[in-house]
Amino acid sequence: MTANEVFETTFPVRYAETDQMGIAHHASYVVWMEEGRSQYMRAKGIAYEEIEREGRFLAVADLGVRYVAPARYGDAVTVRTWIGELRSRTVTFGYEVLHATSRSLLATGQVKLVWIDRGGRVTKMPDWVRLAIGGG
Amino acid sequence: MTANEVFETTFPVRYAETDQMGIAHHASYVVWMEEGRSQYMRAKGIAYEEIEREGRFLAVADLGVRYVAPARYGDAVTVRTWIGELRSRTVTFGYEVLHATSRSLLATGQVKLVWIDRGGRVTKMPDWVRLAIGGG
Amino acid sequence: MTANEVFETTFPVRYAETDQMGIAHHASYVVWMEEGRSQYMRAKGIAYEEIEREGRFLAVADLGVRYVAPARYGDAVTVRTWIGELRSRTVTFGYEVLHATSRSLLATGQVKLVWIDRGGRVTKMPDWVRLAIGGG
Amino acid sequence: MTANEVFETTFPVRYAETDQMGIAHHASYVVWMEEGRSQYMRAKGIAYEEIEREGRFLAVADLGVRYVAPARYGDAVTVRTWIGELRSRTVTFGYEVLHATSRSLLATGQVKLVWIDRGGRVTKMPDWVRLAIGGG
């Protein structure tokens, strides 16, 4: 089951995100991808903070990033986010990070998340989230 | 009421903490001072995570840092932490950040924290914490 | 000499910026204020990365933040930035961080920056920056 | 060509590294693994900052992390670092992150780095680094 819509969110590279190599530090992309995920869910009418209030959490199980070209302070980046795979207990997001103005590719990534409850036990995706995401 | 013991903790500057100016970013010092505070409390036999499990939290109310000289990747820093002022509802920590080997001063700071409960209401310091810190 | 224009920039609180107290970590505000400063300068036609390419840098000399109310994931924050004091070798920015929708005050802050050259020596603000900022 | 020595470095989870799920944020592991890499190189007599002064840089090309169990504030973590693959233009580090006291596995990861020069062009590993690492 796959939901193929792609959501984009754009923001400037922060000075604090650079390192002494003069480029955005590679851990920043992990935060940007998470921000892409947040915006994806908001665009679908899902407030993730609401899910947590119900005692469901999305824990990161697996993360991969391939870095193609550096992002720099002064640039804005566009994060493209989509759902790569939607299962009852996991969801995998796919990402591209682009230079916002040139649209050149800076990085690709994927993050697999597992639904857990307050006790950290693997659980199922809430039904209302599945409906909102559009998984059949 | 003042507790004048000073605790020191030393750790390397992380690459991720640098910025494109080639020095540790100024927000890193705020994290280092918090780490000094954690070590101070552990040295006093206080596990802050235990306090939180009891439903008491230390919220930062006020923060000041004066930057004297830069810290660089490859350096280790020593954070010196002490209690500047201990009151029933607030505690103010004082800090010095030193270059670990030369002991030259890199920054000074102070952070005022307020005791709050789960609802975010101002409350009193737990008695066992006061005893552990040594406030009379 | 004071330039009293206030610039505002608004962005969501990132999940990575929260801590286990369930609120945005206090060091995040330092990064947000820096981001306000970046947007202030861009609004004035100043690309800070261009200043650095000329061998001038703004090093943080002093930082103060007063925390009034917590920011949470799911909120957006508005950073209001202005120049508090403009001198030949230093510039002090003032800040307010607001909850973006309610406009309630979350924090106030100020950051004093010193102009330095590549060697870390204190120097004067570039003339073109002074003109762009509007200091007489 | 493979160098199979494993270096370990241990440090506490920082409060700032937690998120509102009550565990260390997944991007923190990326920083911890980088810190493991720094300590690995120091243990081999290589100061990475010295490499950068010579105009050689290690840019991250590829990153993968698998998260097994959460790390919490109050825990210390041990990062185990080794060289998985050493080639003339790339080096791949392997990692395990353990709970420092129980030695239970929290995460595994690998990071592939590419040698670049000041202009961002792919280049060869400096000979003295190869000798220090022990690649034949």
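By letter and in written order, the chains are A, B, C and D; residue numbering begins at 1 in each of them.
We adopt the following convention: a contact is a pair of C-beta atoms (placed from the backbone, for glycine too) under 8 Å apart; a residue touches a chain by one contact, two chains touch by 3 or more.
Small disclaimer: the values here were computed from a predicted structure and weren't measured.
Asker: Which chain has its C-alpha centroid at the greatest distance from the C-alpha centroid of subunit D?
Answerer: C
Asker: Could you compare the number of C-beta pairs in contact for A-B with that for B-D and name the larger?
Answerer: Greater number of contacting C-beta pairs: B-D.
Asker: Using mean C-alpha positions as chain centres, tell me how far subunit A is from subunit D in Å, no decimals.
Answerer: 23
Asker: Take the average of all CA coordinates in subunit B, do the same for subunit D, and state the distance between these two points in whole angstrom.
Answerer: Once rounded, the distance between the two centres reads 27 Å.
Asker: Rounded to the nearest whole Å, what is the centre-to-centre distance of subunit A and subunit B, using the mean of the C-alpha atoms as each centre?
Answerer: 32
Asker: Touching at least two other chains at once: which residues of subunit D meet that condition?
Answerer: In subunit D, the residues touching two or more other chains are 15-16, 20-21, 23, 27, 31, 34, 73.
Asker: Please give the residue numbers of subunit B that touch subunit D in the complex, ascending.
Answerer: 11-12, 14-16, 31, 34-35, 38-39, 47-49, 72-74
Asker: Contact residues on subunit C for subunit B in the complex?
Answerer: Contacts found on subunit C: 20-21, 23, 26-27, 30-31, 34, 52, 57, 59-67, 70, 120.
Asker: Quick check on the complex: what are the subunit D residues that touch subunit C?
Answerer: 15-16, 18-23, 25, 27, 73
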